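Read from first to last, the chains carry the letters A, B, C, D, E, F, G, H, I and J; within each, the first residue is number 1.
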């Protein structure tokens, strides 16, 4: 058994029961972004969270323990994603990558925007020309220091 | 001569004159994100914009014409970026890619978030524990339709 | 269980029963192109469509639910396809890619031809020198906008 | 000197003179698709065509000779194209590849749609919801034969 | 069940029964090259051929049906083959590829040698310095045409 | 200076003078296949051959010396060739590779068909349904031996 | 001109003058590890540091400005390094990577060891069986947080 | 059965029993770094160590024998690791690789830092600004010699 | 069943019985290098050899038949091996490859050292500074010939 | 200027003067294998050796200094070499890699054969069936140790 087995079980149960990530997240008491990432095998739950998820998805004790083990992260199966929705994000990094780099350095100097001390918020913006997906990414700036 | 030559000239002049993208964008009259992307060879300027940039960067008429030609886009030189700042964005797509996919589909159904009818806004959020980089991505939702 | 299992079951039943995609599509009431793509795990069916397919392919309720979940898309197993028929399409993109880019930009300006708001029609054209495969691709033009 | 040098010269002259591919094709007397592909280094011109192009783009005799040499074809610089417009075509092959394969085989049996005995026609279709790019691909069906 | 399962069964039976491809081909009534390729999952048999093979390899009705379905072709598992015998062919393409291209174009003009309207004949040539493998490849020349 | 410079010079002169490989080979006194491969930088000439080629292509003494140095072989710039003519050969290896392996082993046992003690003959076969390219490959069989 | 040109100039001068990185670092007043990384185009200097380096390596004002621009980082030219010394480090990551992951998570929980808030110290340890290279890597632990 | 099966069993038991690598190592009597690497399938145990591990993880005699067989090493499944923690190490090699090379050569001359005669020590350093991960790598210097 | 299954069985039995390759080879009556390569699925045994191995490893008749089938060769699972011992050999080819090429050509002219008419002998050389692995590779020189 | 420029100059002079590596090595006073590797940019010379080579190849003082700088090693331009002679070595590693691993471990235990404390000797063995290339590789065995 490994974390991947648990992830597959969660997804299978979700489909057969017709659950929504937003409701799962509400029961766990955290954002839908973080909880979904965790259920998809990218984040680590604590014991109480694992128990809640165990009740929702019918996970036994051993499966709940796997949710508390730090997983080997990375949800893409190829270096360049093939799924159109995920590819669009890769395209944004490809087309705008140097722009993002230039503007963050112009404002903050040398360093990076953290992908660890990081949060994400996905919302719908109503728009008569077609609703929009708005995604707010927020990461702490971490400067390179001299030594 | 090609667009790449013009991009390299723009960057060289920017460094030697110590210009800021924000000021360049203000003169062009558009967002710093879009103007920087254009100066880095990813977007297409119209004649008036090209003239403004020509004045800023000392571009001759032929070079200004290249700014008005749709470029072959893509700013990364490798499938997986090596620069730490840009890599963090690739990592976000890698770790959160399936999460983003799940949540957008849960809210909107099958389709994608457009990377074309798209805008981006990069801002600094002051924070006593270390300032944060906030990036708002906004893309129109495009549904797959049956036919 | 996942979507791929359902796809394999559909294909297996299709072979053993000797079904034709065109007939399957007629029962679903949509084009053969879209229905085939959906049966091959690339599109999302609604409940009524899934029920129809369930009757045709002997899918149980859980399998029908999987047909209604947005799949992780991408039908090729390698970056460059090895199958001669599919490779010819990759070759067309490789040989004519920059031509297509130039001519669309010449007519429409900077932007893309959508692969989402998109439809395809495959027909046979009788020809004494050998029948031809005609494929009409139709995608909405999506312009890049300044912001 | 090689064919690539001639291609680059053609593109450079096109930009500085502001020529359109459609007009170039009209002077050569063939479709805009084939002539553009040839000017971009993918097709072979005969002597008369090369002379016409020589007059348009200011090519000397040696450069005209290169237009008559069969080129090493392939216009993409990476296995997966990075340009958003060209990528959308790669995506179509990726998402619909197996569908195209199934439907052509269902109609014609084992074989391929030729990318050599092939033509392409790119047109604009006016549409109140946004104009569409229509592309008609027509290739002779070539059956595998037993021996 | 898929075509690959049938291929593996054929190979397993061939080894355990000690069959020879040449004899299998004689029973099918076609060349050993085409029949072997078909048994290895690269070609499509008709119903009568499938029945003959079913008798030889003990294939049930469903397995015989799979032999009549056009397969996803491509017999190599890596872009550059690792097996020394097959690699030597890749090496011939690598070392002589541009030579073959030059000489076919010199004789025929722009176009290709078909790999579909194609046949192959492998024979042994006795030679006192060591017998030789002679392979005759014959493909129809398909010219690019203007349009 | 290196061998590649000499190859490029030979090709450039060939185009500007309108030479044919067959005539070049006749002057060297060897097959067109081997001489073309040598001129394209894949084979090694002796002093007399280099002198003959020097006269044809206007190569100085140093350039003639480079023709006598064993080159770093390999004429493809990518693992999978992008040129349609050369790709067809790669496709033959891909589709028929395991077939070739099976049949050579059935006839000769374990070993390879040499790509070194090897010759190739490319000829045109007239055919009312379209002329054919016939290519005869002949390589010594080299058996693996036990030790 | 770009940062790479400056890096190459620095290296060329260093070789022709026979300078040592340790002495360069002493003049800059920082560790040899950080200064060397900066001279090799991986870190960003301030104006005073750039002036010092300008004096050492004979860099003009524009070249000094490039030292103050945040570079596109990444010093390897291939995904897997070919140089034996650098490869050994890649091997350590390959062989010990999951071990490092397990032990850091066991001690700190889910998160990473920063490669930005990071320092490195390379020293020689005398050893009668052969001197040892000791490298101390020190990076702040950054925990993933829930949100 | 192979070494990988044993590794997976060890990990599964560790999770279900909630063991710590540090405690496992203490029982084996060696460093936590080496023992963890061994349990993860990268090092070779002797009979006594295998017996100890057998008692801890409930391994039968055959499984214990596998722990004594030299494994095929390499713990990453992709050339560039996708897990953020392990990637940071790859990034260090990428950003600092040439720096490490320069400084070791400056001190020791041509040669490498051994990854075989090598040890690693991972410790926590308390720090009010956030605790740090300190990793000491120690490898014998191996000089290239002339011959 | 395929050759790989037999290879895995041989390895499993070898570990559980604690056999040595040297002893296996002695029973087969050939060198340890060739026999080991065969047992690892790279060489083809004759019936008598297969029977001997069948007795040693408990292989049934069908498994013995697989040992007599020419395998698809290639023992590495990645283009660049990850195992440190095997990688060192790849490194030798990488660092010394052009040297080996130059020296063999200097002595023999254009051609190759055969990897088929080839043998290998691995021995231990006692050395007070640490024993050495000596490997003698012997391959017939095969010259390229003109034709 | 960099080491590669010096390597290219050495090769160019060698061809134009018709020098032999064996004679160059004799003047340097070391083996032909090591000296050739150094001239091809893989090894580091001392001042006296560089002076000798300077006299042979007409290298100025700065070029001689580059010969004394440790180079970035790796002589192949692709992960899998395309040159037939060098490829045969890659094939040996591919076919015999696991055999070499097994036999060295059987004799020496866990560890590697050094590619640093290493020497190579290439000789011709006369043989009536065709002369052989014999290559003796000798590397110190380096054991993994526990800690």
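We adopt the following convention: contacts are C-beta pairs under 8 Å (C-beta built on N, C-alpha and C of every residue); 3 or more make two chains touch, one makes a residue touch a chain.
Because the structure is a prediction, the values reported are computed rather than measured.
*Asks:* If you list every residue number at the chain H and chain I contact, are more than half found on both copies (same) or fewer than half (different)?
*Replies:* different
*Asks:* Taking each chain's centre as the mean of its Cα atoms, which chain lies farthest from chain H?
*Replies:* D
*Asks:* So which chain is farthest from chain E, going by the mean of the CA atoms in each chain?
*Replies:* Ranked by distance of C-alpha centres from chain E, the top chain is G.
*Asks:* Compute the distance, rounded to whole Å, between the mean C-alpha positions of chain E and chain F.
*Replies:* Here the centre of chain F sits 23 Å away from the centre of chain E.
*Asks:* Between chain D and chain I, what's the gap in Å when you average each chain's C-alpha atoms?
*Replies:* Centre-to-centre distance between chain D and chain I: 49 Å.
*Asks:* Using Cα averages as centroids, what's the distance between chain A and chain D in whole Å?
*Replies:* The answer is 41 Å.
*Asks:* What whole-number Å value describes the gap between the mean CA coordinates of chain C and chain J?
*Replies:* 53
*Asks:* Two or more other chains in contact with one residue: find those residues in chain A.
*Replies:* Each of 33, 72-74, 76, 79-80, 82-84, 91, 94-95, 98, 101, 105, 111-112, 114-117, 142 in chain A touches at least two other chains.
*Asks:* With touch defined as at the top, which chains are paired up in contact here?
*Replies:* A-B, A-C, A-D, A-G, A-H, B-C, B-D, B-G, B-H, C-D, C-E, C-F, D-E, D-F, E-F, E-I, E-J, F-I, F-J, G-H, G-I, G-J, H-I, H-J, I-J
*Asks:* State the interface residues of chain D toward chain B in the complex, per the touch definition above.
*Replies:* Touching chain B from chain D are residues 8, 11-12, 15-16, 18, 78, 80, 82-84.
*Asks:* Which stretch or stretches of chain J touch chain I in the complex?
*Replies:* 20-22, 32-33, 36-37, 40, 42, 73-76, 79-81, 83-86, 88-108, 111-115, 117-118, 120, 122, 124-125, 127, 129-142
*Asks:* Considering only the defined contacts, which chain I positions touch chain E in the complex?
*Replies:* Touching chain E from chain I are residues 1-2, 62, 65-66, 69, 72-74, 76, 79, 115-116.
*Asks:* Considering the complex alone, what residue numbers of chain E touch chain J?
*Replies:* Within the complex, chain E touches chain J at residues 80, 82, 84, 87, 91, 94-95.
*Asks:* Enumerate the contact residues on chain B facing chain C in the complex.
*Replies:* It is residues 30-31, 33-34, 43-44, 70, 72, 98, 101, 105, 109-112, 114, 116-117, 119, 142-147 of chain B that touch chain C.
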